[in-house]
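Lettered A, B, C and D in written order, each chain numbered from 1.
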């Protein structure tokens, strides 16, 4: 069994800025030295609602990007969708508000040792952690292509600077309100063949990850996906966040997506067994 | 049985200002036209903690004073002690925050039909509603004398302007850090005799009210006191806030301090039976 | 779009809306009438009334707890005669639909109360609160004893005759709620009210003694909602024909919908009214909207919907 | 001022502090060790282990509720052999005090588990989680049946011999907790763990079906604290000599003190660790301070203090 991220720390950290971007909030938090220990794919668990909140559990968010500057120190960027009460509370917190965090948590995306062509696929706010990843892959000499998809334009997260590190970026919306009308999975097979893609990195809703796994398996391409399961603790102690994953011997185990994930080998996740009794 | 205050309304009202005064917070809230229906002795019930709070019950606060100005409209002043989580939350809310109120609630102090000498006795923040009362009594031609007491100086609430409407104001602290060292009840008998006091109005902790009742009964002086019992609803529907009160026929009933009070006839309250099985 | 049929029935009693005050959480009704007309909700369930007047338990009678509260009122009230003389006529005058809640310390007391209600007009149903200590049997709460529960309902049924619907109000503090529910239905209950408060306690860490005058109290509010939903779901699964008045922590239209999907034909709102005197009206409006949004044309279609196999399965 | 004696004992097991992880809320211990040294708390109560490995119930396995949460893990775990091979040695190495929680589906399974533990060194006590469905008796939960509860404890006692203290962990979902507690103590339990989660349910108003994969789940967290305090108080009143491990919604030193005043000799922290991985350490420090502030010179003096008549009376 895996252990918790060795760098995980609990800390109080102030919000540096909180800006609306489409349907999301871009929240930048000063986490000082801890920023240096965060890797693409890691997530943060945040207490929400304040001291007298009836929300007793932390909320998990992917770390979109970290950076260090001599003036502000180490910061972490989150892209947050106002979903239920906890994320709405977070989106409403302004500059200077101090958050209670546990960070960094979980596994990170594996980086190829060789400079191979890679494809990054993001659904909705799932694109957030892919930009930090793209920069890293780019710096290692990989050719990086990116596909972003969502139901509609306002749910596409694609910052200007994000394009710097990628070779191409294509956008798909189901209603055609931005980019090509259709699903982000539509062109993947084509791209794998054209560009000789060695690794697919993905983050987004589970049906998207499952569909990508199918294509990746077909072409025998490595598929590293960041999953999202309901999490009570985020640190591996509650066993609520499990996903069925194939072991070496073919048996299936319920692994914790908070410490054996969120980044997992897509081909080992048993997507059809999610939510079923093993 | 009494009925709920006929003027009671539920409304959303913004904070005009929130200032620290000694150990208390003076909070002024814009309640518009409702201000005109508030009488000295009435209280307000306030939702605390926001939408996702685990505090499900309103907090009760005496209305210290109301005023109407052409610029701001009708306002209400509260003097709030940061006691537990709910009152601490309230004290932390700044200008512009909109509060959910039910106001005015409860009975009010009865005003003598003749201009008689009256004594006002306040303990701690219990002095708050006495200043609005003093102005009213003063305008009716009563001679108003006031005694304020607390354990220590910072718990005395005695605003500058408060002295305008009173003939004399004496302060007692148990630790002698302000005014005379001793209890606010010490001089009452003397004052009743000297000034021929016809009515005592009091507000403060229960032992103080009980002690004043004893003295008032001895001199056969009317004693109107504002009580403070734990209240779940403030509007008469839960029966949690009861006090044992003598009926005309000598029997004792548990009356709701939120609608049969908070202002009650001290001589009818059975102080020794509070917290006892009737 | 057709209008939503929002009505509900319990036995032969019809209510235009499925939203009720919870017993003991609306006093005589007069106090809430300050905030909205009582006839606009489904009905008023009155505070449990006993034969004689009672002054209840000593204060403190309440403690706020995380997302809940404890109360130990001890059924303070005027007694059945004063209740019938003053409170019922007021509610009738307000055109409120009335469910009278009764409580007793002996099986006989329940029957006596039923007898007094038999000929009173303007009453839609009787709720029998059996969460009271049984003085004939070691102070055990009726609702915790299957046999005692049946005897109470049987006595009330015999006294009241076939006309007035009887709703048995059960306590969740039991090992086997379903068998108690079955027992009271066999004994003649037309409907069930689920759940009464859960027994709880708070110790004051300053005095270092139980905070409530009555030591223990009943836990209510959102904290117990998952327990209430489970109770309603369990009972509806085995008694799908029996209307259930669901309650326990309902504070929004969403909460009310949850209870209805679990199997409740109506919902009662208690503690939420303490925090918000117009809670019942908001809940009623929100519920109507939520049902309409989901394509239901009647409340009845939604009752127990969560029991149907989902498409996925 | 003399230093506070913060230690506690359960049977012949001694612990330097009265603060434990609640079973199932600390996984193997490794994960929390990232945040503080495990030996600094009273002890680790391990996740209930069964004979064979289990993959547990389907997801979703959790739902947040007002001031609480539901879980339906279904005792996922590696089975006793892997547990003894991997987890116990790690905890021993960390110098943590260990209470092993066991669970079974038959009386025999509990005894088998006890047999495997008998000769393992480094274990301070066994907690017997009897809140499991009894496959031999219509799936009824052991802890809801006085007779089945006794038989489980009796079997474990006989197998384990007189050395290792046995703590019976009871469910609050019963009509008469006190009689179940008395039964297991007569059958040989040295201590009691109160309370396990309360059965609850959440219905997802979007899918309109039960939210949890397992449909029902166990309610934990501050929402249930008043129920837990009441349970501990009731049981301590009749069994004052039996040490109780109190749990249910403890999230601060104040909450821990409340439980101790009610009659607990130790406290276990579950859900609070999910919201705050260092919760146990803060609770421990705050509790120490609160006891000292109140003039106690030992934890033991405070146990059950709320049962003493107060000066007023």
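The rule we apply is simple: a contact is a pair of C-beta atoms (placed from the backbone, for glycine too) under 8 Å apart; a residue touches a chain by one contact, two chains touch by 3 or more.
All figures in this text were calculated on a predicted structure; none of them were measured in a lab.
Contact with both subunit B and subunit C is made by A, D.
Most remote from subunit C, judged by the distance between CA-atom centroids, is A.
Per-chain CA centroids place subunit B at a distance of 47 Å from subunit D.
Here the CA centre of subunit A is 56 Å from the CA centre of subunit B.
Note on chain placement: the centre of subunit A and the centre of subunit D lie 36 Å apart, centres being C-alpha means. Looking at subunit D, residues 63, 66-68, 221-222 sit in touch with two or more other chains.
Residues of subunit B found to touch two or more other chains are 54-55.
Viewed as a contact network, the protein chains are fully connected, with every chain touching every other.
Across the complex, subunit A meets subunit D through its residues 1, 3-6, 8, 10, 47, 54-58, 100, 102, 229-233, 235-244, 252-254, 259, 274-278.
Against subunit A, the residues of subunit C that register as touching in their complex are 66-67, 222.
Across the complex, subunit C is touched by residues 54 of subunit A. In the complex of the two chains, the subunit D residues touching subunit C come out as 63, 65-68, 70, 144-145, 173-176, 198-203, 205, 207-210, 216-217, 219, 221-227, 229-230, 233, 249, 254, 257-258, 261-262, 290, 294, 305-306, 310. On subunit B, the positions that touch subunit A within their shared complex are 49-55, 85-86, 89.
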